[in-house]
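One structure is given below, encoded as structure tokens.
Chain IDs A, B, C and D follow the sequence of writing; residue 1 opens each chain.
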Amino acid sequence: MPEPVFQKTQVHNLGAHYEAVRALSLSLTANLSDADATAQSMPDASPAKWHLAHVTWFFETFVLRDHVPGYRSFDDRFAFLFNSYYEAEGPRHDRPRRGLLTRPSLDDVLAYRGHVDAAMYNALPLLNDGGRSLVTLGLHHEQQHQELLLTDILHLFAQNPLQPGLWPRGQRDLIAGPGPLIWHEGPSGLIEIGHKGDDFAFDCEGPRHKVHLTPYALADRPVSNGEWINFMESGGYRDPAHWLSDGWAWVQAEGVEAPLYWQPDGAGGWTRFTLSGREPVNPAEPVTHISLYEADAFASWADARLPTEAEWEAMAASRDSLTGHFLDRAGPCRPMVAGHEVGKDRRPHQMFGDVWEWTGSAYRPYPGFRAAEGAVGEYNGKFMSGQFVLRGGSCATPRGHARASYRNFFYPHQRWQFTGLRLAKDMTA
Amino acid sequence: MPEPVFQKTQVHNLGAHYEAVRALSLSLTANLSDADATAQSMPDASPAKWHLAHVTWFFETFVLRDHVPGYRSFDDRFAFLFNSYYEAEGPRHDRPRRGLLTRPSLDDVLAYRGHVDAAMYNALPLLNDGGRSLVTLGLHHEQQHQELLLTDILHLFAQNPLQPGLWPRGQRDLIAGPGPLIWHEGPSGLIEIGHKGDDFAFDCEGPRHKVHLTPYALADRPVSNGEWINFMESGGYRDPAHWLSDGWAWVQAEGVEAPLYWQPDGAGGWTRFTLSGREPVNPAEPVTHISLYEADAFASWADARLPTEAEWEAMAASRDSLTGHFLDRAGPCRPMVAGHEVGKDRRPHQMFGDVWEWTGSAYRPYPGFRAAEGAVGEYNGKFMSGQFVLRGGSCATPRGHARASYRNFFYPHQRWQFTGLRLAKDMTA
Amino acid sequence: MPEPVFQKTQVHNLGAHYEAVRALSLSLTANLSDADATAQSMPDASPAKWHLAHVTWFFETFVLRDHVPGYRSFDDRFAFLFNSYYEAEGPRHDRPRRGLLTRPSLDDVLAYRGHVDAAMYNALPLLNDGGRSLVTLGLHHEQQHQELLLTDILHLFAQNPLQPGLWPRGQRDLIAGPGPLIWHEGPSGLIEIGHKGDDFAFDCEGPRHKVHLTPYALADRPVSNGEWINFMESGGYRDPAHWLSDGWAWVQAEGVEAPLYWQPDGAGGWTRFTLSGREPVNPAEPVTHISLYEADAFASWADARLPTEAEWEAMAASRDSLTGHFLDRAGPCRPMVAGHEVGKDRRPHQMFGDVWEWTGSAYRPYPGFRAAEGAVGEYNGKFMSGQFVLRGGSCATPRGHARASYRNFFYPHQRWQFTGLRLAKDMTA
Amino acid sequence: MPEPVFQKTQVHNLGAHYEAVRALSLSLTANLSDADATAQSMPDASPAKWHLAHVTWFFETFVLRDHVPGYRSFDDRFAFLFNSYYEAEGPRHDRPRRGLLTRPSLDDVLAYRGHVDAAMYNALPLLNDGGRSLVTLGLHHEQQHQELLLTDILHLFAQNPLQPGLWPRGQRDLIAGPGPLIWHEGPSGLIEIGHKGDDFAFDCEGPRHKVHLTPYALADRPVSNGEWINFMESGGYRDPAHWLSDGWAWVQAEGVEAPLYWQPDGAGGWTRFTLSGREPVNPAEPVTHISLYEADAFASWADARLPTEAEWEAMAASRDSLTGHFLDRAGPCRPMVAGHEVGKDRRPHQMFGDVWEWTGSAYRPYPGFRAAEGAVGEYNGKFMSGQFVLRGGSCATPRGHARASYRNFFYPHQRWQFTGLRLAKDMTA
């Protein structure tokens, strides 16, 4: 998951933006107990309390400490506890041991947030452009952690035999299942990708540059649970012919035979664990919680492939990244049925929201990329090995956070995010 | 740590005993937050909340379920969550994942305790002897978990960079340091050890049997921190000549160079972490939080050895196991200075309380030992490989729980209990 | 390291080619004892005996079994022992346990080679084009294993405290050290890369396709040992600012502080272990046995970057891949001093031979890539995750094996091959 | 496996003893190739070549270096390679990496043996008593390594899919299967155990001392393969009720369901791998290659227990340790059918030879035990944690090496030695 580096920033309504983002974090955690907010279910995940404090430390450090004379830190020891991975900011608590921090309590962290918010509201009118840019950066940073917070809680609750839900189950989605895949040819030849314009983007989204694409087509929608069940039933998880070598080793070592959180229902069907507890798998919804290895194997089985990130972006560039099924408020969170945008005449649909789409592109720098100076320069560039790019955002991504040029990235075995796939294929000339 | 199996039981004041033991558990955890009570700092440790629930499940299962017609369980799912290791009671939650059980909450567990306590108070007057014996067993079982609960919280808090204390620091112990060791010859020749009489004891404490002891002497008191510092400063942790082979491998692999919880104070001295936070090491106190490997190496360095459990018991048999520095109530908990019983004319002193004393005896069955039938038979016998016996109880052992025949046991590398040592030597004939 | 898939093949002199390649394998192993040829020093490496047998199994299986009616296998059990990773060819001996195969002996394996060679010489005149193509493929395959065999023996001998050499030390290279780096701008804009023409190439080298390159320059030569020592002495291995996050974790976990096989000489300098034993590091030679992580960190420290594979290939396309310092025969094997080609008016020089050059490109399929059908289709495509591309060949690569389009690949932490780097930088427009 | 410390020594025929022991080592390895003698199949095992060299290093170091003025070592680097675990003798090659020592070759090691033997034959007539005692010690030491060498080769060959045999299969044992177990009561009350007299014994066999035994009986013979199959077929490996807790964890983690080297024969029966290759399990032979955990579980399932080492020694004291099925020469090596000594009127029989018998006694020092001074003092005492005692010797133990007081020891999970069991039970008073 990228940490943000600002390039340009929104200069209007910064206070309102700050208030809205900070409030969403609190509402997402309103149903958590102190213990819920403290536990860490695996090294890849962090406690909810830690997320709440870390994003606050970010404002305290890079805005208040560096741009507000006389600011007094809430607690000098918090820098050690709540720095994530910024080597330039000094030593820090071991990531796999975040779940042992029963103190400070959730209430202490909320008080920390209050202290920093008060100082930020005082400071906002007085900040120079550099400071305002860092605030914008901090808000996009906090949005990233909102999504991580939800996926980390989902993972934690999934480990509990009581299978608790964070929110009540929402109304079920009654739209009928998707029809057969339809292929749409995308722009090819010499095109441009990468962020352009003055709006905020992370450093890794640029520089904008030319790429040459050979003719290709993308599917009109993500792969559905029903299609995934076909893959499973045809032995997809047991036939090495479809798998990357590393993926096959992972399947064997971990005993993987279905997406994360799926369990047999005892009657030949499947259930999945969600933020609203365990429920039947809906064949019409996009499949999610799959690894790159699984996505790649499915594509091979389907005689297709994953799109490259350039293909995806070329296709997505003409679409409105603010629409789609994103996170707007605390409450039931799930991908909507594949095809729910059909009829709106914007094809391929569901490119934004619902599920992050694995691409076949390794996460590497664009031509001319240079990381920013200082600690904020550690946000993206240093993660550019071993990971793959995902595009488009998910139902757990705050609306307005994703865009066509947005590059999310995870290791190919990771699948606790809302990850899915869209098929691509080569066009015969 | 042994789980108990009853043989004989106290038949008087069972209700008062029940009330006192159950109340102590609550008072020990009164300062814990929901998060404190949920976290698990290592697979060997359990969350405080889990201890509170597990001992309650013990009464609910072996007394209420099995001896009280019509009892309705508080929550049928708790058996899966709170069974520790009783294979005969069915599958259970993985031990290393106990810290992920943020639900049920601490309040839920307290309600569970209330439900079971109410049922127990109703049932106590009506139980037959078998049922009453199981109650007594359950109370000794709960006392064991009281000690574990404290040592597990100590371990958890020690991982927190904020170094929180459970209780305020008590008044420091002003008694001057101990004098030189004095050796006392113990009973030798053909003697008897093992539990006798009708009072409660665990199954592994019997049968009482004869052993032949060659002449030996025990030190009048445990080894002190000051003596341990001498060992450290003379290179004790760096010279393989003193160490068991497994111990030397452990020292090298773990980088051990001092007792658990010790850190340099930056001025050439040492601090230790306690249930009241970090404090200077008091040279007069018994050393604690050492492994069998360390105890054995120290004894070798001191040209002595560890006592066998038979030697220890033969020496302790004439002493009153109710006196000594034990746990009486919630509050500061630490070994008292070595020698604090001097002058009371009961030598060797500090055999009961202060620190568990590693013996050189592997934990194996006594001649004629047979485990009880059924689930309760799993308590002790199945742990009889790879562990060493400790004797005497500690400052965290509830008073009345230990006795001369009591056999505690841990693996030779474990040291998060209040473990120390007393030296022994052979008497030249 | 890629396994080969043929596309086109050499149709002339196939018998002579076969004879030459097979003979080189034998001469490379002539100095090995049965034990030398059997041991396996790590899971990534294979025993020399296994290499000799595996490449023979390849001919026996894909040529003799599939194209020569009536062929009788030498030993039916060898398919299980000497299949490398072809899932379609059935189960096989665990890779990390290859070193336990003391039987068949080296003599048995040589007899196996003789049996297959005899059958091959009989079969060659009769093979159809498909069969001949598989022979060519098998020869390129064997050349790959010749390089692996040497690097695996180097790794094995490096573990031996006696530090044995495979060959006597060759005459030292007396050419003076290289001068300062000189930058050469490469072809940019819309270019083509990938294999073209009828000569043999592996499937992953195509299809040939267009890529768009922004202006860049490459250094005239690989980075030298002397420059690497500067990096080390300026704290390069201890400053996280230069490192990829995964690389920094690797440096910390493995305690890396120099290239593989380097040791301090006790007088402030360095030695390196080679196929001729331990010797002083020559500052003029190209650095080798470094990981992608180290290469990337060096480039960052030098305010440069690694070339992409497209940049490298665009620059190399006009050069003769048959020249350069390659493996021609059994005997001392080492990179030649950086700059040894200077004066030959072919700049940048040393692109072919000496050391494999890490690129910044992840090993992924080219547009339109499709793996071949059947077992041979497993050779390249299934390894396309998590690895980086290297270009140009090394002093241990048989001459004629590498070419401008050749894509070698390894994981970013691996460094037992002859791996080095050449710097690149962006040209400001 | 104990390393020896001498106490008294044989003073007659030392030269003949030396010649016989040294010759047996060579004959045991006569069928091994250089590669066979170099490979190491697990960290617990050592290469045959290493055994041959290590026992030679022992004579070279403790006899020739320390007692023969002017002795010139064969190769000064061998001390680093062939020291096993004597910390006092300085650093040494990592045990798990012994299999990478392809140099020195087997021929080099044989030359080393020749060099040392020549010096020893010259020295023997001139040695003082101390030197002669060390020779005796070295011979007993070499005998221990003869057994380890065979069990290590057995383990290595068992990993090879070709399933090679070291020796041709011997004539099958035609004696009919054993009858039902017969129980024999042993000496009880106050008895003495431990070595006495002037013959050689290891330090851990003494001091001789009194122990008190409650009445018990031992079975007349070891448990047979047929009885073990009954245990397996009754679900013995799947029922935790019979197992020590550590044993049950081991069974689960390792997926153990039969003795080591056993495999189903595909027709409902079992085969076992031996030094003569794979063969059907003979129900009449003593079971072997079982762990202490398995032995203990079997005993529990059979409503019996393991004998203590004192019980075993009390029963064995009156028997002749030179008789029994021991190793006399190179050639087929296997336990003989249970009951083969029946009729010879020495009951219980098969106490010496055939299989080492696990006892229920942890390997700990006897009262008054003190390790010897210097490097030889590391032989036994430092291994006295975590291991269990085995008694009696096996078919792979050189005749004359074992005796009634002999204490062998291994960790409870280890089973690559010829380990079996004999049942014991308490006599009701």
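Basically, a residue touches a chain if its C-beta (ideal position, glycine included) is under 8 Å from a C-beta of that chain, and two chains touch if they have at least 3 such contacts.
In this text, all values refer to a predicted model and were calculated from it rather than measured experimentally.
Engineer: Would you mind checking the shortest number of contact hops between subunit A and subunit D?
Structural biologist: 2
Engineer: Which chain lies the greatest distance away from subunit C when centres are computed from Cα atoms alone?
Structural biologist: Of all the other chains, the one whose centre lies farthest from subunit C is B.
Engineer: I'd like the Å distance between the centres of subunit C and subunit D, where a centre is the mean of that chain's Cα atoms.
Structural biologist: About 47 Å separates the centre of subunit C from that of subunit D.
Engineer: Quick one: report the Å distance separating subunit A from subunit C, using the average Cα coordinate of each chain.
Structural biologist: Chain centres of subunit A and subunit C, defined by C-alpha means, are spaced 38 Å apart.
Engineer: I'd like the Å distance between the centres of subunit B and subunit C, where a centre is the mean of that chain's Cα atoms.
Structural biologist: The separation of the two C-alpha centroids amounts to 59 Å.
Engineer: Which residues does subunit C have that touch at least 2 chains other than itself?
Structural biologist: none
Engineer: Please give all chain pairs that are in touch with each other.
Structural biologist: A-B, A-C, B-D, C-D
Engineer: Would you pull the subunit C residues touching subunit D in the complex into a rising list?
Structural biologist: Contact set of subunit C toward subunit D: 33-39, 41, 77, 80-81, 93, 97, 99-106, 156, 159-162, 164.
Engineer: Which residues of subunit A touch subunit C in their complex?
Structural biologist: The touching residues are 85, 87-88, 190, 209-214, 216, 240-241, 243-248, 292-293, 296, 360-362, 364-365, 367-368, 382-386, 388, 412, 426.
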